[in-house]
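The next part holds the structures, each set out as C-alpha cells.
Here chain A shows up in two complexes: once beside chain B, once beside chain C.
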Partner chain A sequence: MAQIKIDHVTRKFGKNEVLKDISFELEPNKIYGLLGRNGAGKSTLLNIMTTRIFASSGKVTMDQQSVVENDDILADMFLMSEVDLYPERMRVEKIFKQAELCYGSFDYKKAYKLAEEFGVKLTARFGGLSTGYHSIVKLIVALCVPVNFVFFDEPVLGLDANHRELFYQELLQSYEERPRTFVISTHLIEEIAQIVEHVFILDQGKIVIDDETQAIIDRSYAITGPKKAVSDYSVGLNVIGHQTLGGLRTDYIYGDLDDERVIPDTIKIEHVDLQKLFVYLTEGSVNYVKE
Partner chain B sequence: MEFNFNSTEPLYQQVAEQLEEAIFTGSFTEDKQIPSTTEISKQFHINPATVLKGMNLLVAKELIEKRRGIGMFVKVGAVATIEQQRKESFYADYILNVVTEAQKLGLTEEKLVQLIERGYQNGTN
Partner chain C sequence: MAQIKIDHVTRKFGKNEVLKDISFELEPNKIYGLLGRNGAGKSTLLNIMTTRIFASSGKVTMDQQSVVENDDILADMFLMSEVDLYPERMRVEKIFKQAELCYGSFDYKKAYKLAEEFGVKLTARFGGLSTGYHSIVKLIVALCVPVNFVFFDEPVLGLDANHRELFYQELLQSYEERPRTFVISTHLIEEIAQIVEHVFILDQGKIVIDDETQAIIDRSYAITGPKKAVSDYSVGLNVIGHQTLGGLRTDYIYGDLDDERVIPDTIKIEHVDLQKLFVYLTEGSVNYVKE
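Let's look at the complex of A and B:
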C-alpha cells in the first residue's frame, strides 16, 4: 500500500517562511487530523502535497517517487479546499462528470445518495449555491472519487450542525466501506477529536505534535490545587499553560509526569482534552502576515 | 442507547464500559447480536479502530464473542459474569473510597456504619 512522505519541506513567500522544515509520513488507511491556528501553514502544506504549489525546498514522495509532475500519483490524491475551482455556471451533475473524467471513475450511486441526503439539486448551478452548499458539493466529490488519499481543508466551512453531523457519519461510513487515508484540517477540534486516529499540530510553520490521538491525551495533564502545592509539584515538568482563580491554580502539562514525586492530597490530576491542549500549546503564537 | 463521553478517560475504555453497561442493564441481551463497529462508529463519530479496541476488551473479559462472518454477540452468562466482576471490584471501587473520604471528614467508623444504615432505610429500592 502506498505511503506519502513529507521530507524536510520548507516554503517561503518572499521573506516569510510559512513552512519550516516539515517532515512526517502518512500511512495507508488512517484518519489524520491536521490542526493549527489561522496562518499556521495548514493550507500551504496541503497545497504542496497535492502540487497546487511547490515547496521552496524539500520534497513530497509517494512510495519513493516525487509527486511533482507525476500524473499517476496525483490521480491517487484529492484535495477538497476552501477555494472554489468550479465555474459558476456549471451544474452539480456536470461537476460529478468532470470528476469522473479527471479520476477515471466516480461513485455515482453514492454521490446521488449523498446529494439527496444533503438536499443538493443535481441540476443546480454551482454559482447559485450558498457557501455551505459549495462545501457540500465538494465533500460529495471528495468521498466519491476513487483515490487512496483524501485531504480535507476546512471541510465543514459554512455547514450547519445537522449537515456537519451528517458529514462525519458519511465520512466514517465511507471509510468502513473502502478504507483509505483521510487528512482533516479543521478548527472544530472537538468535533473530530474522536474520529481521528493520529494528530499533527502545526504551529508557526513547524510540526509541534505528531502522535496517536490517544497517546497525546495520555500525556496531557491538568494539575489543580492550591498555588504553592501545584507550583511545587510541576516544577521542571513541561508546563504549557496555567490558569489561576484566587488561590487556586491549574498547570497544564504536556509530557510525562515524574513518578517519583509524591502527589499531595490537595492537588488533583486530570487529563486534558485535545482542544484544550491545542489552545495552550499554540497560545500566543499568532502569525502576523508580513508584507 | 446513549453514550456519554468525557474527554479524559481513554475512549476505547469508555466504549467498553458503555457496552458493558448496556449488556448489564439488558439493552443488549444474551445470545443476541450487538451493533457493529460501523454502526457505533457512524452514530457516535468515533474512529472504527477505537470502537474495535473497546470491543476487544469485552472479548477478553468474555462478555461478547465474535461469530465469524456475522458479528459480535453477547455471550450466554455475560450478565452473571459482569455481576461477579463488579462484586469483586466493589470493595476497591466504592468501600475504600468511602472510608478514605470519611476519614478526611473525621467521621468515626461507628458514624459511618450508622450512615450506611440510614442509606438502607431511606433507599428507594
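Let's look at the complex of A and C:
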C-alpha cells in the first residue's frame, strides 16, 4: 500500500516564507485532519502535494518516487480545492464525465445517488450554483474518483447543517466501502473531531502538532479555579492560553500534567475539545491587539 | 425608533416561487437569526429588503413607508452580502472611504482597530484576499457604517475558528456601544444560538418559525428510550424526526408536551439544541433518498 512522504518542504512567495521545512507522512487508509488559521499555508501545502504548484525546496514522494511529473502517482491523488476550477457553463453531468476522462474511471452510480441526496440537478450549469452547491459538486467528484489519496480543502464551505451532516456520513460510508486515505482541511474543527484519526496543525508555516486525535485530546486540559490557586498549580506547565472571569481563572494546558503535584480542592481539571485547543494554540498567529 | 415590516412578500424567478407570502417584523435594537437550508430563499429575502431586487408582490416598509426608491430609508440599512461586490483591484482603505461616501459617515477608528485585530492590511487589494478575508473586510464595513439595520448574509464564510469567535465578540461589543438591529443569516447555527434573541426559520420559501430563541429551545425535545415506549409516548405529539440505534429510539418533538401524559421510567426527555432542531425541522426540504 502506497505511502506519501512530505520531506523538508519549504515554499516562498517573494520574501514571504509560507511553508517552513514541513515534514510528515500519510499512511494508507487513514483519515487525517489538516488544521490551520486563515493564511497558515494549508492550501499551499495541498497544492504542492498535488503538483499544482512547486516547493521552493524539499520534496513530496509516494513510495520513494517524487510526485513531480509522475503521471502514475498523480492519477492516484485528487484535490478538491477551495478554488472553483470548472468553467461556468459546464453542466454537472459533464463535470462527472471529465473526471472519468482524467482518472480512467468514475463511480457514476454513487455520484448519481449523492447528487440526488444533496439535491443537485445533473443538468445544472456550474456557474449558476451557489457557493454551497459548488462545494457539493466538487465533493461528489472527490468521493467518486478511483484514487487512494483524496484531499479536501474546505469541503463544507457554504453547506447548511443538514448537508454537512450528510457529507460526514457519506465520507465515512465511502471509507468503509473502499478504505483509502483522506485529508480534510477545514475551519469547522468540532464537526470533524469525531471523524479524523490523526491531526496535523499547521501554524505560521510550521507543523506544530502531528499526532493521533485521541492522544491530542488526552493532553489538552482546562484548569479552573480561584486565580492564585490556578496560577500556582500551572507553574512550569505548558500554558497555551488563559481566561479570567471575576475572581476565577482558567489556564489552558497542552502537554502532560505533573503527577507529583497536589491538586487543591478548589480547582477543577477537565479536558478541552479540539477546537478550543486549536484556538489557544494558534492565538498569537495574527497581530491581535487584545486587552 | 424605526421598525421594518415585511408584508406578504412573494418572489418568483420564472415559474419557481422562491418566497411564498412572507410576513414578519424587525424591532429596533434586537439581534435576529435568519436560518434556512441552502436555497431556502434567505439571500433573496435580504436582497428584497434592501431593494437590490424587487418582490413579485407584497411590500417592505420602514415605519409605514415603502423602502422602494426611498433614499432616506435605504441609507439606514446595510447588507453584507455573500456576493463580493467590490472591484478586485480596490484596496481595503478605499473600500472604507467608499462606505463613508455612500453612508455619510464611517467609524474609521473602529474599522482600523478591527483591521488590526483580524490581521487585514489596509493597503491589500480586495481581489488578492482569500474567501475568509473577503468576509472579514465586508463585516468590518458592516460594523462601521452609521445605520440602524445591519443584515449579515453568511458573515463567517471561510473564517477560521479564532476569527469567528472574534467576530461574535466584536458584534456584541458594537451592539452594546450602539444598540441597533442585526439580522444574521448563517449555516453555523450552534455558534450564534447564544447571540440571537429571536429566530426566523425559512423553509422552502415560507417562514416556519418566528419566535424568541429561548421559547424555541423550551419547546424542542428529544425523547429517548426503548422503541415501543417512545412511540407510545409520542403519539399525537408533533414529531419532526427520529433516530433508532439498536433497540433504542429517539423522537424529536417541536411543540408542547402533554402534561397529563405519564412518563415511563424507561424514557428520558431532554431539550435539543437549535441546530439539531433546525436539521430535523427542515430535513424533508431537499429530495433526500435515505434508508
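What we mean here is this: the second predicted complex is superposed on the first by the 286 of 291 C-alpha atoms of A that agree within 3 Å, B and C clash if a C-alpha of one lies under 4 Å from a C-alpha of the other, contacts with A are read in each partner's own complex, and residues count from 1 in each chain.
Please note the rule applied: a contact is a pair of C-beta atoms (placed from the backbone, for glycine too) under 8 Å apart; a residue touches a chain by one contact, two chains touch by 3 or more.
All of these numbers come straight from a predicted model, not from anything done at the bench.
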| item | value |
| --- | --- |
| First, second, both or neither for A:66, with chain B first and chain C second | neither |
| First (chain B), second (chain C), both or neither touched by A:238 | neither |
| Touching partner for A:163 - first (chain B), second (chain C), both, neither | second |
| Comparison of chain B and chain C by chain A residues contacted | C |
| Partner chain(s) touched by A:23 [first = chain B, second = chain C, both, neither] | neither |
| Partner chain(s) touched by A:57 [first = chain B, second = chain C, both, neither] | neither |
| First, second, both or neither for A:266, with chain B first and chain C second | neither |
| Residues of chain A that lie at the interface with chain B and also at the interface with chain C | 165 |
| Touching residues (chain side chain C, partner chain A) in the complex | 36-39, 82, 113, 116-119, 130-133, 154, 157-165, 187-189, 275, 278-279, 282-283, 285-290 |
| Parts of chain B lying in touch with chain A, wherever the complex brings them together | 5, 7-12, 37-38, 41-50 |
| Chain B-touching residues of chain A, taken from the complex the two chains share | 31, 165, 168-169, 172-173, 175-176, 191, 193-197, 213-214, 217-218, 270-274 |
